[in-house]
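The following blocks contain the structures, represented as structure tokens.
Two complexes follow with chain A in common, the first pairing it with chain B and the second with chain C.
What follows is the complex of A and B.
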């Protein structure tokens, strides 16, 4: 195929149109709205499902290379302390101990409770943990601050004495503004702005101003951070790692130990969740890769470093909290004249407390917008990217503020949103959702119950998401082989973090080669299998499937040529290819028979994905990626006697480009909604301000939604043909969690008529909003 | 967790003697749900666990059996799941047992272990912090994060008693049979030790003493009962507050009214104030509201737990409505 311009039919629902895109040489004709597919887009169960549910799937925690020994890490119990003395010798002599390692050195300032101090390896995990107690360590505790508001005071203990450099991973949203200044514990970041917000507020006839706050939220993946590391020679190693980015692990280990990247072999066969916290060989607040590698070298044995739940909460990242002052202005007719957000949030000792794009880039008909978000340092474990960094907290504040304004304006909150949103897909989703959710009638019932002051109430809310398609060009090289025996094998150094990409790439190969899905073997999960992307920014499917398709098309081309020869076709175009094999006129040859004619062992071809070449219908933040729209409607039940909120129903309408597999796509959206519900109603890291430690580093009092907390979920795919890449896949993992908490908070507001402006929406806060709590000063404490 | 030995005695005496010799280093194990949690958290490091489930010579440790005085006996090893499924028991007890924890835990957790479990206060559960309950000199919750703590009867420790069964059983006038050097039967209320008496313990069993069974007296005619609870999550969570009530409605007015609140005080909290409002009155929504207000009148909330006042009132009203079969308002 020559370099050139192609016509594509793109769009959604009944809004289809023709566009032209310039394609690089060799790029297959992109699948668009006119393409009929047989395997892609069909609900195929995960091909690894049986292995997972039977326990045959081996995760990093399950790896037992011969001679494996076990590591444990001594962590600082103080929120801030100078390490005065560290003596590892007593531990060296403890039963079973094979290696000891100082991670901090005397004189170091340790900045959060949970920071690495020392580590050791022993024959059994029990021996390793017991030996930690033998390490002689002395600290001088220093003044500290763990509360975000307190840390903003001028006299607060200073967390960082030097300028902090931003640490970013593949989990961070690309294009997030950088460049900042630091004063005290405050680190100011550039704002997102357009128009003149102050003027907009002066022009306003109706204004609303309030402060919204959200909690710190830990990733709490089911599989904790883990690495099993074995030296294969003095200059090469194998690492099994629970990671979202195999190559980020390889590169970090190569750098830390001064190795060639190709001598670092990383394996992630199965992975138990990451949500943004698992890039690189280390956790954001613990040098796992370094520790495992050093201990393994000393012990002359493979080392397993598997964090426990408490460590997972303390040092592996979190979603920062936020305090957002929102000011809205509107003209008398209800049109917005200004959106202003001033946000502060703490990612502990780390950065990344921005509040995303929601206030800036969804209600774009508002001419004047300014969103500032600043980091506040506290003595707590560092934040890191967490499923749509910044967005759920930003969505909560702006969406609830809009509902409060809508009440002042006497407007339906949905109308207010429609009047200010310009994204055609999102408008379509709002309209579709209004009908399917029965918004108008449900709102009537809500108003009626509120007016009659019933004990049990219903509430409804709606909120939107924005995200970009961050599919990466030139990053993935997929290779596909078809053997003389007819076997088909796709290879790529990709990890399946649970989203289901293994099945989706098999579908793409099956589609192109017209072979049964069960005949496609997918080999992924190790760095040996060729370059791939980390799974961050919801980019996996849109980065990988186009490269896989390109490889498959290249193999098909060669198979057609081979068939042409066998069947004596005059031109390659005369070869017809279908699920049986090849046909030319009346002659045919079955696929397996054709394969027998392959010269040598196999046909092997590679495929890559060019940069994104289209962005229909709208670009994300002016760049060259598709702006992804989503809308969720939530219904809650609320008991005014107990303050208890239950999310009973969420209707989610999402744009995810071409739906490659409705089962895995739905599962991503369902997971996003469950995460969002949990964030809305119960999850919360609780820190003791006087001791500077986390009080709930477990899954007992850190409350993650369970089966009975999950709402009924209806998913509607508003499939969009974007012309972005040759399969049309774009991301969904992150957009799906953005609006859930906001919609639930709006629903609670509608139920009781008073906003609850802090997450999570627990009974204490709801009862306070209901005015049910006696105002007399507390008797104690 | 420290290594330990699991001892599986077959007689009651052998089990008791073993613990009696070294009461600090040897602990009874029933379902092990709370005990193993404490060991994993580093709060307890016993050298031996003495399994109660292998004792064969004391039949009344198991099952629900008739009591000679006309009521029934609940063996200490009866599980929460068994209690929840026992149709012959009062609603308050079945509902309480069936609401606690999770199905998996209810299959393992026993009646005795439930009554004798240690509190959930997150300062107590944090191995790095030393509070009054662990021999320190101050309660850390009173000046710290006390959302889940006591609003009634607190001080100097402000734990809430964790046992759901305790609240329900207290509403049924239960007593307990204790096997010790001096075997005895005591009212259930006397099993619990408040922090004013001793902040380091929650029950009055001596070293090596064993809770054999709970005894329920015969029910008064026309007894009705109900249990209500609120949790932040509906799966795998602890109560914020719970209400257990029982009353007799044989004559159109309520008699023998028992009102107990759980998770509001260091011991299961019987409200004589609410009982006085209700006793000998006909059930009505208005009366229930008054009773709920009376129950919480003595409450002294801490900084973060005043919400428990309206919450407890709401749950108590709900339980009273259900017990008296008076429809709840819409």
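What follows is the complex of A and C.
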């Protein structure tokens, strides 16, 4: 079949239209707004649920290959130090020790408390940890800085001694192609620009300027970073790894140990959470794969390197903090004339302190926008991607700033947003949410409580999100087989990081083949099962489901041809396929009986997907993929005597293309909101500025939201048919967490009439905003 | 990531050992690998750390031919 154009009905709600998309040869007719589906789009419980809740599911931490030994890592206790001496011999003789490894060498300058120094493997974890104490090590502590503001000062101790000079770069958004450079601990970068912000501010009749800050947010997945590595021969190995990217682990281990990728077998049957930190065989601040592999070689035994919770907080990555100076300008009628954001943030010893796209790409009717974000190096664990990198912190600052401007303008903050948003789905979400949340009446109640100066207050806020469809073409090859016994098996080297993709791909196969969901066996989680994508950027469902559908349609084609022969069909289109099997006129054959006629053992087909071919109704940053819209309304309850804030309700309206499974999709959104609530109200890394160490690297004092902290959550799917790929699925994992903290902060502002411009919104900060206690500089780590 | 977001500067080679999450999510030709994305963490595959074998920061603009440890893609 040649390439061709197809007509699709796309859009959302009552705004549907016909478009034409150019499809490559062989691409199935995309599901669109007219498609009626029986399995996809229905709320199926996870097919792996029983395994997970009964404990049958084996995670990396559960793996016990024969002869397993246990690794432990000696970590630098100082925020900055030169390693003067390292002697592993005393540890080599410790009970149970089978291998020792120097990771740093004398003379190395160690950059954060938690950095790898040495490692060893022993028969039991207890012996391994006890043996660490025998390692003879001497450090010369060096000057350090862990506070972002202090690190920006010209006389601050330098984290990276060499000055990085950039040649001309574009940065990550269109901007002035001038070079930028490092000054001290500051790594300047080009800006995102539109129009002339300075002119826009000069033209403004009303301005608002304030500084907003957010905290460093450490990864706290339930399953810590872990790898179990076994050498199968001098040139091949098997690694069980808690990872978001099976092939990222494979490729890194292959390169580090000089192996062929096909001789590295990576397995992730189940994993207990990954929110951006679990790519590659290492953690962002610890060489896990290298350590496990070297120790396993020495010990001639499989090695388990399972980080404990303290290590997880110290060296596996974090969301950088931020200090954002936001300046807004508006004309007398309330139309924005300028948005300016100058952001600094610390990713510790690493980079990545951008502030996302909320300020630049949501309120696009503003003609003049400039967003600058610069890295500030500190002697703390390196940053890494963390669910919508940059976006929650950027959303907090701009959305709260807009609310403060709205007060100055005498405008409803929702109206201000509606007036400047150009995304039609987001407009629909704002308007739908306004009614469902009872925004107008709630605001009246809030204003009444403020006026009466009640002790207990309620507040309401709203914030938006933007994301893109980053589904990858040609990266996934799904393989589907139907055996002579009627068994159906889907295979792919994908990992399920908890979003439910295992169930969704089974639904796609069940839909196409018209077979019961329970009959679909899904085999994923190992690199032997075919190329796949890493689960990041919220691209899994959109990358994988079209490939699975393509494989299923190819298998169905073969089954129909077989049925045509069995039933003596005159033309291929005479074969009707349904949940029972095939029919031609008055003759029929059941599915299981048809399969008995398969020549050979099975029908097998592979499928992949092309690059994204549709982006209706709005393109992400003007490019080739869909801009995903989202809006959240939040209600809080606040005690003005104690400063305690409770998020009581969040209404989330999100677009993720076609909702493949409402149950798992709702679960993703709920999880994103819980994370956002936790980020808003309690989580923060606390650094001791005098000693340069993290004070709360544990789940007791690093406060993650518990069951009683979770608000009532209502989810509205604003399903959009985009024409992007043959299933219409796009992503939701990250968009769902972007606006939550911002909406909660806006709600707090509405409750007390004073903004709390620093996350998390802890009682001390609320009381300081109320003037009830002396104001202190916000503690950020 | 859509490539229009930044100049995919093929005249600016990048060391083959430079790694970032975007490579595993968006593919080996992601612009993030060639010019710095403000929200990306980078590390060197040789050291599996934010600094390379010479102790300097590993970022696209620094992992260039002028650097002693540079190896072309």
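Note that the second predicted complex is superposed on the first by the 753 of 781 C-alpha atoms of A that agree within 3 Å, B and C clash if a C-alpha of one lies under 4 Å from a C-alpha of the other, contacts with A are read in each partner's own complex, and residues count from 1 in each chain.
By our rule, a contact is a pair of C-beta atoms (placed from the backbone, for glycine too) under 8 Å apart; a residue touches a chain by one contact, two chains touch by 3 or more.
The model shown is predicted, which means the values in this text are computed figures rather than measured ones.
Participant: With the two complexes superposed on chain A, say which partner A:774 touches: chain B (first), chain C (second), both, or neither.
Facilitator: The answer is first: A:774 touches chain B but not chain C.
Participant: Give the label of whichever partner, chain B or chain C, reaches more residues of chain A.
Facilitator: Looking at chain A, the partner in contact with more of its residues is C.
Participant: A:539 contacts which: chain B (first), chain C (second), both, neither?
Facilitator: Touch status of A:539: second partner only.
Participant: If you stack the two complexes on chain A, which partner ends up touching A:468: first (chain B), second (chain C), both, or neither?
Facilitator: After superposing on A, A:468 lies in contact with chain C but is clear of chain B.
Participant: Once the structures are superposed on A, label A:157 by its partner contacts, choosing first (chain B), second (chain C), both or neither.
Facilitator: Neither partner.
Participant: Return first, second, both or neither, reflecting whether A:289 touches chain B, chain C, both chains, or no partner chain.
Facilitator: Once the two structures are laid over each other on A, A:289 reaches chain C alone.
Participant: Under the stated touch criterion, which partner chain does A:624 make contact with: chain B (first), chain C (second), both, or neither?
Facilitator: A:624 sits against chain C, while chain B stays out of touch.
Participant: Per the definitions at the top, what is the overlap between the chain A residues touching chain B and those touching chain C?
Facilitator: No residue sits in both footprints.
Participant: Looking at the complex, which residues from chain A come into contact with chain C?
Facilitator: By the definition above, chain A touches chain C via 109, 111, 160-162, 164-167, 169-174, 177, 189, 245, 247-248, 252, 255-256, 276, 279-282, 284-285, 287, 289-290, 317, 347, 349-356, 373, 375, 382-385, 389-390, 468, 470, 472, 475, 533-537, 539, 620-625.
Participant: Given the complex with chain B, which residues does chain A contribute to the contact?
Facilitator: Residue list for chain A touching chain B: 77, 126, 130, 452, 454-456, 639-644, 646, 681-682, 686, 688-691, 693, 695-696, 700-701, 703, 705-709, 762-764, 767-768, 770, 772-774, 778-781.
Participant: Write out the stretch or stretches of chain C touching chain A in their complex.
Facilitator: 1-2, 4-7, 9, 12, 17, 19, 21-27, 31-32, 35-43, 45, 47-51, 55-57, 59-62, 64
Participant: Could you list, by residue number, the parts of chain B that touch chain A in their complex?
Facilitator: My answer: residues 1-3, 120, 122-123, 126, 128-129, 140, 142-147, 154-155, 230, 232-238, 240, 300-307, 309-311, 313-315, 317-318, 328-330.
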